[in-house]
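So that we are looking at the same thing, I have put the structure below in structure tokens.
The chains carry the letters A, B, C and D, assigned in the order they are written, with residues numbered from 1 in each.
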Amino acid sequence: MSAAQLAELRHTFALDKPVVVQFGDYLLRLAHGDLGVSFQYRTPVLRLILEHLGATVYLVGTATLLAAALGLWLGARTAWRRGGAADRANTAIALTLWSVPTFWLGLILIVVFAVGVGPIPGLFPTGGISAPGVTGIFPVVADRLAHLVLPCLTLVAVLYAQYLLIMRSSLLDEMGEDYLTTARAKGLRDTEVLRRHAVPNALLPTVTLVFLQLGTVVSGAVLVEAVFSWPGLGSLFYQALTVPDLPLLQGLFLFFSASVIVMNLLAELLCPLLDPRVRTG
Amino acid sequence: MEGTGHIAEGRPTSRLPALAIALLLAAFLLAPAPFGKPAAAAPKKVLTVATNGSVDSLSPFLAQRVLPTEVHRLVYDFLTNYDPKDDHAVPAMATSWSPSPDKLTWTYAIRSGMKWSDGVPVTARDIAWTYNLMMTNKDAATANGNFVANFKSVTAPDDSTLVVVLGKPQATMLALDIPVAPQHVWESHVSDIGTFSNDATFPIVGDGPFILSAYRKDQYIQLDANPGYWRGRPKFDQLIFKHYANQDAEVQALKKGEVDFAGDLTPAQFNSLKGAANITLNNGDGKRFYALAINPGATTTNGKPFGDGNPALKDPLVRQAIMEAIDKPALVNKTLGGFGVVGQGYIPPIFSTYTWSPPATETVGSDPAKASQLLDQAGYRKGPDGRRTTPDGKPFTLRLYGETQRAEDAQNATFVKEWLDAIGINVSASIVDQATVGDNETAGNYDLAFDSWLVNPDPDFVLSIQTCGARPATAGGSFPGDNFVCDSTYDQLYAAQISEYDAAARAGLIKRMEAQLFTDRYVNVLYYPNTLEAYRNDVIGSMQMQPQPNGIYDGQDGYWSWWSATPGAAASSSSHVGAWAVVAGVAVVAVVLAAVVLLVVRRRSTAQERE
Amino acid sequence: MSGSLARSLREYRNHRAGVVGLAALLLFVALAVGAPLFVTARDLSAVYAPGAPRQPPSSHFLLGTDAYGRSMLAVTLWGARISLAVGLLATMMSVGIGSLTGIVAGHFRGWVSTLLMRVTDWFLVLPTLVLAAALASVMHRGIVTVIIAIGLTAWPGTARLVRAQTLTLEARPYVERAKALGAGDWHVMRRHVLPNLTPLILAQTTLSVSAAILMEATLAFLGLSDPTKVSWGTTLQLAQQVGAVSAGDWWILLPPGLAIVAVALAFTLCGRALEATLNPRLEGKG
Amino acid sequence: MTPALLEIADLRVTYRSASGEVPALRGIDLTIEAGQKVGIAGESGCGKSTLALSLLRLLPRGARATGRICFEGEDILTMGWGRLRAVRWSEASIVFQGAMHSLNPVRQVGSQVLEPILLHEEVEQAEARARVSRLFEDVGLAASTAHAYPHQLSGGQRQRVMIAMALACSPRLVVADEPTSALDVMVQAQILRLVDRLVTGQGIGLVLISHDLSVLTSTCDRVAVMYAGRIVEEGPAAEVFAAPRHPYTAALVAAYPRIGDETARGKPGGLAGDPPDPQRLPAGCSFRPLCPVAVAECERLDPPLWPAGAGRQAACIHLRPSDVR
């Protein structure tokens, strides 16, 4: 498409009006539940979002769960053995991965594990959510999982560090507490003291912070999806940015913000389940 | 006494679910090994093409992007096709044609015996219905309306005759690139033709060499061979366009065999594939020109000027100086890595009929000394700081626009800025998104801009955008043109060529138009990038190139490559896809199992350790 | 004051990671500031590029050449200037906005505070990248836009911290006394609150820079920066556009990427060490 | 001859800190017979709590303990971790000071009492729950309290929960570390009576640690007075406080009548200074700098426990038997 054709198209969609006017129109339509039409795809924005939502939930959901599980587990362990070699190594690795640009890590993982370098075979697909033409339940599941590995790994790598650090510091706050000595005196194993007594107490501040950081998950998703051709909302956002497709950008922005806010509301509902003090207080 | 610990509530249960999940996973993933290749009966031969194009719509009336347009070429037949050797018009739905002596009536004989994929016969009425819909319905004209703009009427007196009556003579009547839709299917969609995207039910009824059988947005488009196609059934059973958001992934996928064809490679990617196992490379001529547009001062169709283009650019000496400063061969060597042809005429050399090159005496470029001298002559003097000023003493600064998404723009901008700097012209380069470039161009607020067009075998469209009539009707309004060029000599030649039905004579006229554009120096072709492609020769035995001998496979003006592709030794039912997926799956399970085992063992061994 | 500074310095020296981070940081800053000594305009010129495009490392080009044929060593060195400058300027902006919001929200109670904190919370949960990218895409393309986009989106964390600290400080007896003696809002904020916030703001600044540098690279990768300027982000974007990834040109991919990781990590280590020095309760968390 | 319930011999504990080793216990010898109630007195920092923690090897990492703590003949300090965990709570349990923090704030108190029962005994859930209800009734709490969370209970109720928990596995020994110090006086008395009743009724050995001499006198058979990581006097509770033989005990007793004066808590009134910094203990007797009856020789000799009447011993140079030089 040429720039002039694009201009024509944007004129059709009234996108060449001043941004303020557009935004006013947008709010007006939004009030009627209308997210507008993407001029790039000629499709209602809402429909586009719904079409791409599943893929994102599948990738981001899996990755967030894994990252949270890994981060919380490692965070608890490192705090429990603070100052030790494992603590220092884990913290160092986490901080390093935290400093890695997501898209760059994705590119490197593609080069190493999808293409293969030296003795490492290129086991995993370079992108996409599934291979076309695979049939049968087992091949389909295997194919889906194989496609999930690298994007999920990238996302987990950049996300787990914050969970680790949050859990570690929440747990360190609990470390001197007397009830842990009581638990130990009861004859519980060390790991049980950690799991049954220390972790449940450290969980509330952790979960609160984890939910506050959901924005980083969205950012990670945009980059990982763009690098791995994952057909989700992140790719959609990336596509919308390049033109830019303003109705789609606005719609996605609204959707991302709304989902993060909704998740935070959920977190507030979740807190009393984790801590009885909040329940009565 | 260790035993007492085991009674602890929750402990044994915490390990069990982990093991259960791991075992479940193992079962899921190990199972495909025995069942991996089901039904040994005649494996499908699949050809997978990597693409990074996106689909705006699958409706033949709406789709404007490259990928869906290419798909429509494969699933709907057209009135005529282009010869794979030299792009001349050859029969497709029409078997023969003849214009009336007054050049205004074209009569086509339509092939009989063609069938839509649902069994209904294809007739001239389908063609007439499709064309008429585009002529009468603004929405239906979205994608291809320009082809029928000059039509007065289209009728099908019988099933095998199509008659088109024109308003003015039109030389492009054998280049009507309009997918013909089945009337019996589309009649019910006339009311929502502007929004119906043709992806509701599969397979989609068509009459091309392939049938569109499945589509997942931003994932893949799947086409099945049409066994009843009149020119012969494609040799591959299935053709898949697999979407990649980034080009590097395409190349990786090709190396691994996830896809069998990758087009539109960058020079770096092309070079990296040299010597790769089972990969054949194609360095084909490009169908695209890449130009530097110089704003002649934006005007409307009735000559009213607008925008803030630098008036200095109206001076032919200044334009010539700019072009003298630019080293086109350097751009081809550096930006294209040598994979391109230095720009001359407006039409790329792949279309040899229309190729024009300036006489040796007129060749310009790579001469900063001459550029400086020209600027001096035009009154743009160099100050003590080496910067030039306009004749009325203001600093001479030009704005250069390029698009972020066109990788070469950023590189070329860097070069052009340095060259113009060297002759004392200050350049501020903005590499921005397409929409911003479009806004600035529409408003006439630019001095220099990079500009690139794909050219069709019939160059009428790219020629038309440089006519006076292609300017906007109102200041700042959208316009079908490109750079506000308005040259009466050029316009006269344009009018002459469109009514010239003699191919050789028409080519002569077009070459004169190119010469005129070249001397005006408003649209300066810098180069024609080659089309760099690669495919797996173990999967694809052979396929037809268009044109020959230096043509391309992907993005042809016909369906020759995919229609003619023959399966190679390794072509079979996406086995390469399934196999590695299973391997990868097994690897995942192995890692998970190892981790679980390690955990359990460690837990055992630490049981006696210090807490 | 100098005594407490010396004590802080001694404390800081106990954090080995912090010392390593600081050393790395000083090295990077020295290289960035000194880059014009080693890198000439010609080295960065596309037209007069000294080498052939995309050459692997050799004795002449220690890190190989980029897509223009420029030495990757020179490009990476020069890239430090823009990446660091963008990181620092954007952080100054975000920490400035954050501190101002935090102090005002902490000092004035009532609706001012409520309103400011609502806005802060809203910005805090919004996905930063999406917001910054959206901002950058509607504004004029360029380095300044990138700085503004990062600065305008990265402040809420600082605002919250500063507000909490302001509340603590204002509860201190000498501030209460000053207020009782009729000190004005401006006086209290400037004379009593701000000086005591300085260490916190310093630590927060250090921690924010790494996020800002990562964001610059990310925005550049998304094509929202100015590709004609040499930064680590634009170098990576160029590498990806010319297909260096699939060509396996690791010498183009690794230096800017590793540089980003190293600088971001160095800032993070310094920030954490500073935080631990200023807030001994966090001791052992480093 | 059956071994004593608890026999501590030459127990030394040192903490490692940034500035070197800090001795916390410097050779404790103490024997507790089955069913006996022994009090440990002393001011803050004298090592009482370290002693309590070391009895079940609960000292934080960085602490090193030597000597012997024989529980029914088995040395706690050298037994395997598995065996130690089995001994903990089922044989000896602890009631910590400040029940506020000793209960897990996010778990129902009933389940916290249930936990050691399920851990140490092979019983059905239902039976264990029934036992928890009985335990709650024994300590004077409604069975429904089991579903409460710690923050929903008063200080006294929480301490009762702790006691119920301590008795859950019918241990042979209960260590109570300042069980009443965070409670108001009325509640203190109730709790003490409760402990006394339950321990006496079930024949459980009790180590009661307190700075409050009246608490010790009313509850314990014997007391040991600690100063700077050592026992300085030991004997029958009533006699030791009625007629102290060590000058520190005397000072402690003299300071005590001022009940309820928070600032004077545990700090002997007659002393002109704080106890010594454990890292810089004076040579000889560590009480010497504050001792009203010190002699020159105290600078050289750190006296061991010498007999000081029937069933009593004290570590003062003035009690040196004539046959010791």
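Going forward, a residue touches a chain if its C-beta (ideal position, glycine included) is under 8 Å from a C-beta of that chain, and two chains touch if they have at least 3 such contacts.
Nothing here was measured: the structure is a model prediction, and the numbers come from that model.
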{"item": "Centrality ranking, top chain (CA atoms only)", "value": "A"}
{"item": "Chain whose Cα centroid lies at the greatest distance from that of subunit D", "value": "B"}
{"item": "Whole-Å gap separating subunit A and subunit C, where each centre is the average of the chain's CA atoms", "value": "23"}
{"item": "CA centroid of subunit B to CA centroid of subunit C, Å", "value": "40"}
{"item": "Centroid distance [mean C-alpha coordinates] between subunit B and subunit A, Å", "value": "33"}
{"item": "Euclidean distance of C-alpha centroids - subunit A vs subunit D, Å", "value": "52"}
{"item": "Numbers and ranges of subunit C residues touching at least 2 other chains", "value": "137, 223, 240, 245-246, 248"}
{"item": "Residue numbers of subunit A (touch at least two other chains)", "value": "107, 110-111, 115, 184, 188-189, 196, 226, 238, 241-242, 244"}
{"item": "Multi-partner residues of subunit B (each touching 2 or more other chains)", "value": "5, 8, 246, 248-249, 252, 255, 404-405, 433, 607, 610-611"}
{"item": "In the complex, subunit C residues that touch subunit B", "value": "45-49, 53-54, 67-69, 137, 141-142, 223, 226-228, 238, 240-249"}
{"item": "Parts of subunit D lying in touch with subunit A, wherever the complex brings them together", "value": "53, 56, 58, 84-90, 93-94, 96, 98, 101-107, 115-116, 119-120, 149, 151-152, 165"}
{"item": "Contact set on subunit C toward subunit A in their complex", "value": "17, 124-131, 133-134, 137-138, 210, 214, 217-218, 221-224, 236, 240, 245-246, 248, 250, 253, 257, 260-262, 264-265, 268-269, 272, 282, 284-286"}
{"item": "Of all residues in subunit B, those that touch subunit C in their complex", "value": "246-252, 255, 265-269, 271-272, 327, 330, 334, 337, 404-405, 407, 410-411, 413-415, 417-419, 429-433, 436"}
{"item": "Interfacial residue positions of subunit A with respect to subunit B in the complex", "value": "1-8, 10-11, 15-16, 40-43, 51-52, 107, 110-111, 114-115, 122-136, 138-139, 141-143, 145-147, 149, 184, 188-193, 195-196, 225-231, 235-236, 238-239, 241-244"}
